[in-house]
Each structure stands twice: as structure tokens, then as C-alpha cells.
Amino acid sequence: MNPVNYLYLAALLFTIGATGVLIRRNAIVVFMCVELMLNACNLAFVTFSRLHGNLDGQVIAFFTMVVAAAEVVVGLAIIVSLFRTRHSASVDDASLMKL
Amino acid sequence: MSFPLLTATAALPALGAVATAAVPAARRSAAKWLALLVSLGTLALAIVVLVRFDPGGARYQLTESHSWIRDFGVRYELGVDGIGVALIALTAVLIPFIILAGWHDADPLETGSRRWRPTQGFFALILAVEAMVLISFEATDVFVFYIFFEAMLIPMYFLIGGFGDRAHAQGEEAAATQRSYAAVKFLLYNLVGGLIMLAAVIGLYVVAGNFSLQQIAEARANGSLHMATGTERWLFLGFFFAFAVKAPLWPLHTWLPNAMQESTAPVAVLITAVVDKVGTFAMLRFCLGLFPEASRWATPVILVLALISIVYGALLAVGQRDIKRLVAYASISHFGFIVMGIFAMTSQGQSGATLYMVNHGISTAALMLVAGFLISRRGSRLIADYGGVQKVAPVLAGTFLIGGLATLSLPGLAPFVSEFLVLVGTFTRYPVIGIIATFGIVLAALYTLVLYQRTMTGPVRPEVSKMPDLRVREVLVVAPLIVLLIFLGVYPKPVTNIVNPAVKHTMSDVQKKDPKPEVEAAK
Amino acid sequence: MSAQLAAYTTSTGEAFQFWVLGTVAVIGALCTVFMRKAVHSALSLAGTMIVLAVFYLANGAYFLGVVQIVVYTGAIMMLFLFVVMLVGVTAADSLKETIRGQRLLALLCGVGFGVLLLAGIANASLKDFAGTGQANANGNVEGLAALIFTKYVFAFEITGALLITAAVGAMVLTHRERTERARTQRELAEQRVREGKHVPPLPAPGVYARHNAVDIAGLLPDGTPSELTVSRTLRERGQIRDVSTQAINDLRALEQRSEDRLERTPIEPETFKRPEEASK
Amino acid sequence: MEKLIALLIAAPLLGAVVLLVGGRRLDRVGHWVGTLLSTASFVVGVFLFADLLGRNAEHRTLIQHLWTWIPVEGFQADVTFRLDQLSMTFVLLITGVGSLIHLYSVGYMEHDERRRRFFGYLNLFLAAMLLLVLADNYLLLYVGWEGVGLASYLLIGFWQHKPSAATAAKKAFLVNRVGDMGLSIAIMLMFTTFGSFAFGPVFGHVDGATEGKLTAIGLLLLLAACGKSAQVPLQSWLGDAMEGPTPVSALIHAATMVTAGVYLIVRSAAVFNAAPDAQLVVTVVGTVTLLFGAIVGCAKDDIKKALAGSTMSQIGYMVLAAGLGPIGYVFAIMHLVTHGFFKAGLFLGAGSVMHGMNDEVDMRKFGGLRKYMPVTFITFGLGYLAIIGFPGLSGFFSKDKIIEAAFAKGGTEGWILGGAALVGAAITAFYMTRVMLMTFFGEKRWQPDENGAEPHPHESPKVMTIPMIVLAVGSVFGGAFFSIGDRFLKWLEPVTGHSEGHSPVSAGEITIATMACLVIGVGIAWAQYGRRPVPAVAPRGSLLTRAARRDLLQDDFNHVVLVRGGEHLTRSLVYVDHTLVDGVVNGTAAGFGGLSGRLRRLQNGFARSYAVSMFGGAALLVAATLLMRAV
């Protein structure tokens, strides 16, 4: 097997994640799908790191994780405050820029 | 380096605008006095400009030049020629009267009204417009001109949309709707014109590499800059369109009646007597100066448009039922004369057109401000609501009549001189157009006298029977304007002396010579 | 794994592992998307992430593999679950689409994008690979550290700033400033009396005969549930269980049984339904 | 001596400014200030006249250059005055008659609260009229030309509270503006042809210009003259102008302003002499108007309107004479001057009658007034005899000369023009006799007005009768004074030139013919109005009479064609401006509005919708990248 297969897998996961973002309405699930996409990217980075034989890809993947962590923190905080005001975690309910 | 007089002339009202706006709400009358003081100071500076200007000297004088945006060759360049000086003087003279006439126009409405009227804002905006107009007359860099030409729209928009006549037949809500319609229409028309001009300005930069009038003229003269005919014509059209909207020329005129109808009389004067002059002034300076070949190429069409403006504006003025709208259409007719004079490409035409700009400013101010005093007394703009005012307010009626007579270009008053020069200038080159344009003077008499007859004469209507005559403040506004009208009608030499050399330059820009009289030519 | 420069294939073991765990990962991902309950989605995602961690390890990213499990699966996913709990664990998401054409477009885009991506990868000639042996010669963590603290040091510092900002941001977003003093119990009681609506304490939830869970509304004398008895949060989430019909039906069943035993004819054969349910 | 010329204008101008700006403080002395300044101007005029008489005939032209008015490249207009025999004649007429009428007005306007303003306007008129006749170039003349128009507008509409007066004023100004348009185009044409519009250069270079150009200039000047002098087809305003106070009708609409057209033609003699076609048109216009005015004058019952028709007709004589060329110029001016005396006298008489009759103007309500106001009767009678050309009085001399000159034109034209002039003389005799009979003879026909006040006819005060007497003296002796020894001819000849025509009929024969016409006209009038009582209500009359009462339908024509047509035109243009011009713009705006309304639906606020488009965009980008790679 060639490690390129990891890339295929990453692409597949990314696509599934993206589709999930588009389909699901629950903001938390949407966030999970975003995480899935990020993870798919990370897989690709790690694979590239292997393909090229240097660690830069892994460093980038590491940074991605950090950013993802930050994003999750802020995103979830937003979800919580949204839920507090609208009593709903649906992204469709927040279709106006005002309450 | 000498004192930057031109910058100071424009900067004073700009600073004054800021200062006026900063006056606390409780001291609104202080804001009025401050604005008046600033406008008088500007007038003083304008007089200094007038005195320092040497008609026989270089084309552009009192020049200032600083590099501004180096990467795009934009320079902060100011300079005035005779035409500019005349218009600067006009602006500086009119603004104090506008402020004085609008003394109570922005006072808070009586209690019970929901509308909030920021007095300081009104006067600050007027001063801001003055500053921008002045710098537009002074700029010799296309880019600088463009910026202030466009920026003018903002204060004007608020002046039109924010302050209307005190009383309104259809109630305050309807008035507000109509006002905002007028303001938006004004803004959109001028913005479209401005954007097209922006494209042309960029095009000019691409072709010429800088924005300086003088540098471009030099480059053309020594052959280092050659504009392809097609390019020049497109650029010309871009510039001309914006100026024609501003001027306004038929069929781009419909914003003016709305804007003048809805704004207070002083703002209406500001629009037609001051701001619109930038359009015609820019035709002379930029269209003819930058694109002489294209100007000659477009002359026939423009003359026909101007002719249509003259006759059409006058005919529509006859058909109006609203005093302010009537004056607006009359102004459209007069702007037709100005454009015609500019593009007749004769010394008489262009001198006449410049003189016309000055005279039209004064005469429209006189007529419109008196009309504004009248309207504020009765609370209606409809001609049919008046009658017999002459009997109760003879001074008001008399000044109104003089304003009207100036509008119909009665000899002895200033507009006659300019109108006749424009007609002669056009006639020498295009007799048919000149003759048709002369019909305009008959129509002018018709709409003015009908207006006077219906409002001022006849039996006194009960609604106007208690109307007070002009107050001291109002007389102070109108009397100097009338004196100016008569003085410039009898002795226009001071203005023509300043204007003539500038026109000579413009004529050489477009490489045109006056036609010779037949008898001389035969010899 | 050898340290050879160019390789074309990996070991058979890794291939086996890839196909098995890859399948698991894809199934996990699909479950994440299509599970109705957020908790299930979160668990599926956690599964996928663990699989990915294994793949990282297989690819020579030992540090990342561990981090993935500890930080990602361990911390972040737990944060997710925490929020899910906060927001409502049982709130099942309706998968019914409300925006017209959204699902079709999403699938179209997804499939199209996926196909393109796969095609792109297939198009790229990535036949040989270097392997991480050389790079990991001094240890993977050391290698990463060397990169992070030299070449990527600025990025690293910025991530620090980012994390702090995120933490502060989260606090700002979730923190509710108390704009007025919290009212004391006495004041609340006084207010209650003044309003005169519920002077005594609110009724307790639960039908004491059978249920005493907090999410079950107490029954009024006529057998209808009273929402007042349930906590406001549950009410707003719509998580009230209605057992009124169940209780009545149970009672009916009991009666039925006694009827049977006593060999009496049944009075009413059908089970009782609440009027609104019957109309459905 | 030249320096005094400006003083001629300055005096009344000063009066106008002082009286109009001065305000109520001057109410008590205003009329005397006006009269004084007008008289001052007359005195200066007499001084100058004496000075001119003291010079050689060739050196009787004084030029005063004041300042350069409009200096523009290639265009030079100066404020320069020219006083020669022609303008001197006018100056004396204007200031002389003007001062008399000022004096008369002091009495006539005594009870009007706005008397000061009236005198201000009169002084303004004098200044403008003097500017008109003293100007040395056409543009300055134009200033005076419109200035008198303005004064006329203000004075016709002096009683502004009467809608009819305001309308009449507006009409006069507008019709005059049409004529002014002719003058301004004429000036432009002069400028393109000669490079100047000053009298000297234009008249000096006439031979350098083509005849076509000169004819055009001539016709345009004629248009201007038609407007100012109420000649067909721009005559319609004069009748309505009688809405103004009677002194105004006397001064402006009889003696001076309306004759400005004749002045213009005679002043432009050089141009007309070189354009025979234009001259022919001038004579035709003059002839038509003299008949037109006479016919209208026959039918009017309003004494002032009858006199207005007469004025129109008499000016028709002058224009006819002016169109005849050098044969007629002098006589045109001579008739102008004598007409100035007797017509002003007649109007003042009419005003005196009205003054005594509670401002009644309908002659059918007069009758037998000779007993009540003898001075008015005598002066009016002398004016009457003068206008019908009673031998020895001034009309006899001046009108006969014109008829003679018309015959002298020669050929068929001569016969037609001369014949028409003779017929005109007969009609003049008829309608003037009618006026005379209806007003002063027969029995009294006046009734109490609606308030029940019986008019008490009485003689006017001295301040009014003295000017009437002076004018009557002028009407009696003026013609004889001018004609004996050809005084007037010799005086004017250096300016206008003169040539004796060869008349196919002798002067004696013409005099006899004129007398015959006179007798016929007076006889018919006597038969109709002298022998039998005049009905208090006008009979229906023949078709011609009815048409003449309506000013030969001129106003109906104007109303239908110009007013109605104009109203329709402006109304439809307002509509077009609103729907079409504005509609295009508003339509564009609405189009954009609609488009954005559609596009707005894409922005539904759902984050997921935006995400789809984002994702779709990303897919497109990938596809594009791949495609670029593949290509």
C-alpha cells in the first residue's frame, strides 16, 4: 500500500465533514463536523510529512490542533450564549443579526 | 514661501464649520453668529484674493503646489485664473446672505413636533459646502478637484434632506418623505455623474501620468503627450457628463426641481447659485482645457442640448404651480444659457457665460430668498395661495419684482449683460441657435410676470392680509443683492476685466478665434 | 520501518491496519453526520479521532498521535460533551430539512468536491515517499521541538496569544454581568406575595404513585399534567415527559386484569388516548 | 455743453430713485419733487436746444462719452449719448409734455394713497425714454427701450388690486418683449455684420453689407417698432393699456413711448434706405395699422379705448411716412410731435372728464358735458379739430404732408398707400366727431352708480386745466409754426435727409381731397350721433362693428392660438418631464430595486445557505485549478 491512500481517506473525511456542516442544524454537531474536517486536514499534513520526509507537516498539524482548540473554546462559548438567549442550538434560528 | 492665501480662503470656512458644529446645543444663537462671522471672514479673504489677483499677469496666480500622493502623481495644486476669482468672489459674497436669510430656518420647531433640528448642523453644513466649493474653484489638480467636487454631495445631501420648509401643506410626514426623496435623487444623480467622472479621471491618469492641469497642458504643448482622438473624446464625455448633471443640462435636470422645491430657500440658493456653478465652471476649466479637440467635436450636440434646456426649462417654468419649482426650472433655462455661452467658443460667449454664472447667482439669490421670505410667512409654496401681497407688503413685493426682472434679464440689471453677451457670442457662430435661444427671453418674461401677477397683484386674499412686510434682517439680505444687481448691470467692467484674459486663455486652449464681422471680412 | 530514502509501499501490516481502521473512521464520520442525537455524534467523532490518532502513529507522528488522543479526544471532545449536556442531551435533532434545496445542493457540492479532490490526488504523481525515518532520527518530539522553537517560533508565540485570547473570549462570551444586586430570599418572598400569583411554593413534579423523576409533570386532579411542576429549564428544552396517559392506561390495564379474573365483560376494550393524540 | 446731456437723464432718474426708495417720509412732497426734477430736465433740454440753435447745421451733433459699459474681446458697448436734431426734438417733446403731465397728475392723483410711487414711476419713465432717444448705440437704446417697457408695465398696472390692470400690464410687457426680441436679434445681426452696433459705425458701413442682411435688420427693427408702437400684428396691448391712470395713457401711450418705434425707424434711416424691401413692409404695416386703429376707434364706447384706437391709427400714419424713406422721415417726426400735443391734450381732457364723472369711461353715460366743464370742452375741442386736420391747426399740416408723400411714392403703390391714408383721414374725422358728440353734446345720460351716488360733473382744478390749455395751444399753433418756412424740415434734414417726391397729384388737389374726406366723416358722424339721441346701451350693430368692438378679434386669435396653445404645450411638457424624462430615471432605479429584491432572497440569513455557496465556490476553484493543470 502506498501512503497516498491516507490522502484519499483524508479527502473522504473532509468531504463528509463538509457535507455535515451543510446538512446539520444543531450548532454543536456542525462544530463537530468542522472538527472532522480539521482532523482530515491534519491527517493529510501528517501524511505529507511522511511523503516528504520532514517534520514541517507535523508542525503545521500541531498548529492546526492549537487553532482548533482555540476555535472550539470560542465557538462553544458562542453556542452557549446563543442558547441562553434563544433557547435553541439551531444555526437556522440565528438567521437575523438581532434578537 | 508666501502665505497660502487660497488654502486659507477654503480652510477658514472648513474650520468654521467644525467650530460651529461644536457649539453646544444650548447656545444655538452663538452658532449662528459664529457662522456669520466666519463667512464674513471668508469674504474678507476672498476680497484679498481679488485684490492680489493681477488680471494682466500669469494665467494661474497665487499658486500653491505640494506633493500629496507621490505614487500617483497627485499634487495639492491650487491656483486661480480670472474665472475662478470671479466665482470665488461670488461664493464668498453669497454665503453670508444665505446664512442671514436662513437665520431662523433651522430653529427647533414649535413644541409638539417630533422633528429635531440641529441648528448648529445647518450652519456648519453651509460652511462646509462653502469650503468645498471654494477649493473646487481653486484646484488646478484634477484629482484634488474631483475629491471636493464629490465630497460636496455629503453636506448638500443633509442640507436638502434634513431641513425643509417650516410649514407644509401635506403635513410633516409627507414632507419628510418628499424631502428624503429629493435628497436621495440629488445624491444619486450626482453620484452617478461623479462615478463616471472618476472613471475618466483614472483614464486621464493612465494617459497623462499625472493630474496637474498645468503639467498636462505643458506636455501637450511640447508634444510629449499625445492623446488619441478616440481616447480624448471618451475622457471628455466622462468629465462632461458629471458637469452636465451638476449644471444641470437637459435631460439630466430633473433632480434640481425636486431638490430646490423641498429644501429651504437659502439651501435652494446654495444649490443653484453656488454648487451648480462648479459644474459650469468645470466645463470651462477642465472640459475645454484638457480636451480641446473633443470639446470642438461635441459642440453641436451640446449646443442643441443647451438650447433645449433654455426653451424647455422656460416652458416648464410657465407651467409650474409651485413657486420654488418655478424658480428651479427658470434656473435650468439659465444654465442652458451658460452652457451655450461656454460651447459657442467665442470670446463674447465665454465671457458672457462667466459673467452669467456670477449674475445668475446674485439674481437667483435675490428672487429665491425673497420667495423664501414670502413662503415662510404664508406657509405655502403654491402660487395659487397668494394674491394681492403687493398691497400688504409693498417692500417685499418690490424686491420680489426686482428679483423677477433680473431673472427675465431686464436691461440695466446685471443678468442682461451676460445674457446678451451669450446670445451675441452664440449668434456670431450659430445664428439659428442664437435666434431660437432669444425666444427664451420672451418665455422668461412670461413666467416671471405670471408669477408676479398671481402672487402680488389682484385683490388681497384674506390669508395674506395680515402678512408683515420685510423685517430688518430680511432687508439686510436683499438690499445689497439688489444694489449688486444694479451696479453690475450698469458697470460690469470690474468683472469683465478680470474675466477677459482668462477667456483669452481658454479660447487659445481650444484653438478657436472669433468670427470676423462681415464688413471687415469683405475688405 | 527502514530508513531507506525512497519507498513505494508500506508494510502489509500497515496496509491491513489502514483498510480496517480506515473503514471504521469513515463509518464514524458518517455516524457523526447522520446520528440524530448530538451525544451519539460526539461519540462517533471520538471514535474517528482515535482511529486518526492511530494513523498518525503509523505515519511516524508519534507526538501528534499522543496529543490527538490526550488533547483532542480527551479534552476537546469532553468539552463538546459537556456543552451537549449543558444544551440538552436528549434534544434530538430533527433531520428534516427546512431550507429548500439545501440538502440537494449540499450533497451535490459534497460529492462534487470529493470527486474533484480525489481526482486531484489521483492526478498528482505521488508514487514514492521519503518516510519519516530520517527526520525522526533524533526522536520525533525533539525534531518537532527543534522546528517549533526555531523556524516556527513566531507562529508558536502567536498561537500562545491566540489561546489566551480564546480563553478570555470564551469567558467574555459566557460570562453574564450581574447588573443589579441579587435579590435575597426575603425580597423574593415579598415579591411573590405582592404579585399574589403563587404565594405557596410551586408544586413538586412527579406522580408519586409511579414516577418521581424531575422531568415528569405532576398531575392535576383531572389527570392532566401541570407544567408548573417542572423546572423552567426542562420546560424550555421541551424535555417534559408526559406520563398521564400511561398512568391511566396502566390503571385501565389493572382494571382489565381484575375484570378478567372476575370474568366480567370489559367495559371499554380500547386503550385510552388523550384527545389530541387520538386526532392525529 | 456736452456734459449737460447726462443731466437730462440724471434728473428724472434721481427722482425715481429718491421717490421709490425714500419711503413714506416723502409722501407729502413726493409729487412736487417728481414734477420739479422733470421740469429741471426740460430746462436743461431748452438750454441745450438754444445751444444747438446757435451752431451751424452741420455741427449740431453733441456726443458725450460716459464710460465703457461692456468691454469684452471684440465687443464694445459704451455708455455714450448723442444729441442731435432728432434726439433734441424728442427730448423737448418728452420733457415738455412730460412735465405738463406731471403737473396734471398732481391734481389727478391727489386722492391716491400711492401718489408718491406714481411720480417715481413717471420719473423712471422719463429717464428711460430719454435714454432711449439719447443713446448712441443700439444696445444702450435697448436699455431705454426695455426701461420704458418696464415703466409702462408698472404704470399700466399701477392699480394692481384690479386684476384687469395687472393682466393688461403683463400683456403689454409680453407683447413688447416679442418686439424686443426683434431688436436684440437685430443688434446681434449688426454685430456680426458690422462688428459694432453703435450708430456711427453701422450707418457708415451700410454700403459694405449685403442687401439681404440689411433687409433682415430692417425687418427685425420693424418688429421691435411694431411691439413698442402697437402696430399690426403686435398691436393688441395698447387697448388694454388704458387700464392705467389717464395721465399715463396721455404721456406714455399717446405722446411719447408708443412713438419710439417711429424714432427707431427714422433713426435707422441709413439701414432702411438701403433696404427697399424692408421699407415696403414698413409702409404696409403702417397703412394696415392706420386703418385698423381707425376702425377699432369707431366702435369703442370707452372714451380712452376710442382714443387708443386713434393713437394706433395716427402712429400708423407716422410709420407709413417713415417707411416712405427720405420723402417721409421729416413728416413722420413732425406728425409725431404735433400728435404728441393734441393726443396728450385729448387724453388729459378725457381724464378731466373722468375726474368729474367718478371715473366713468363709457361715453354712452356722458353727454352734454360742455356746460359743466367748459375749459375741458374747449381744450378737448381744439385737440379734436387738430387731429381731424381742420385747416390751420397742426394736424392739418402734418397729416396732409404724409398723405402727399404717400402719393409721391409713385406707381400703384403710391395710389394704394395714398388712397388708404385718405380713407383713414375720413374715418378719423368720423370717430373723433363721434367721441366729441357723445361726450360733450346731446343731453346728459349719466345715472347714479351702484352705490347710488349721482355724479356731479365739475371742472377740474387749475393744476389740471393749465397743462390742458398749454397743450391745446400747442395743438393749434404747432403745425403752422413748424410748417411756415419749412422750419421743421430744415431743422431735421441734416439727420434724416430729405428728398422731394414727384407726386402724381398736386398738393392743392390733395388738400381738397382731404377736406372732402373730412367733411364726409364729420357728416356721417353728425348724422348718426348728433341728430338723434345716443342710446344708453350699445346697439348690437353690424358684424364689422361687433368685430371692431372686440378689437377686430385680435385678442380672440391670441387667446385661441397663443394662450390656449401655450397652456396645452406647457401642461403637456410638465407631464412629459414628469413621466418621460423623470420616468426613465425612476424606471432605471425601479429596475435596480426589483433586481436587488430578487437577489436579496439569496441572502436569507441562514448561515448554512451561505456555507453552501462558499463550499460550491471552493469546489469551483478546485475544478478550475485542476482544469488549468490539465490544459
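As written, the chains take the letters A, B, C and D, and residue 1 is the first residue of each chain.
Basically, a contact is a pair of C-beta atoms (placed from the backbone, for glycine too) under 8 Å apart; a residue touches a chain by one contact, two chains touch by 3 or more.
Here the structure is a predicted model, which is why all the values come from computation and not from measurement.
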item: Per-chain CA centroid nearest to the all-protein CA mean; value: B
item: Averaged-CA centre spacing for the pair chain D and chain A, given as whole angstrom; value: 95
item: Length of the line joining the C-alpha centres of chain A and chain B, rounded to whole Å; value: 62
item: Chain centre separation in whole Å, for chain D relative to chain B (CA means); value: 36
item: Separation of chain A from chain C, taking each centre as the mean of its C-alpha atoms, in whole Å; value: 15
item: Shared interface positions of chain C, touching two or more other chains; value: 99, 102, 105-106, 109-110, 113, 117
item: Multi-partner residues of chain D (at least 2 other chains); value: 604, 606, 608, 612, 615
item: Chain-to-chain touches, reported pairwise for every pair that qualifies; value: A-C, A-D, B-D, C-D
item: Touching residues on chain D, where the partner in the complex is chain A; value: 604-608, 611-612, 615
item: Touching residues (chain side chain D, partner chain B) in the complex; value: 20, 67-75, 79, 139, 142-143, 145-147, 150, 153, 157, 160-163, 165-167, 169-170, 173-174, 177-178, 180-181, 184-185, 187-189, 191-196, 205, 208-210, 213, 566-567, 569-571, 573-574, 577, 581-582, 584-585, 589
item: Interface residues, chain D side, partner chain C - complex; value: 604, 606, 608-609, 612, 615-616, 618-619, 622-623, 625-626, 629
item: Partner chain C, residues of chain A touching it in the complex; value: 1-9, 11-20, 22-26, 28-29, 31-33, 35-36, 39, 42-43, 46-47, 49-56, 58-59, 61-63, 65-74, 76-81, 83-84, 87, 89, 92
item: Interfacial residue positions of chain A with respect to chain D in the complex; value: 18, 21-23, 25, 91-92, 94-97
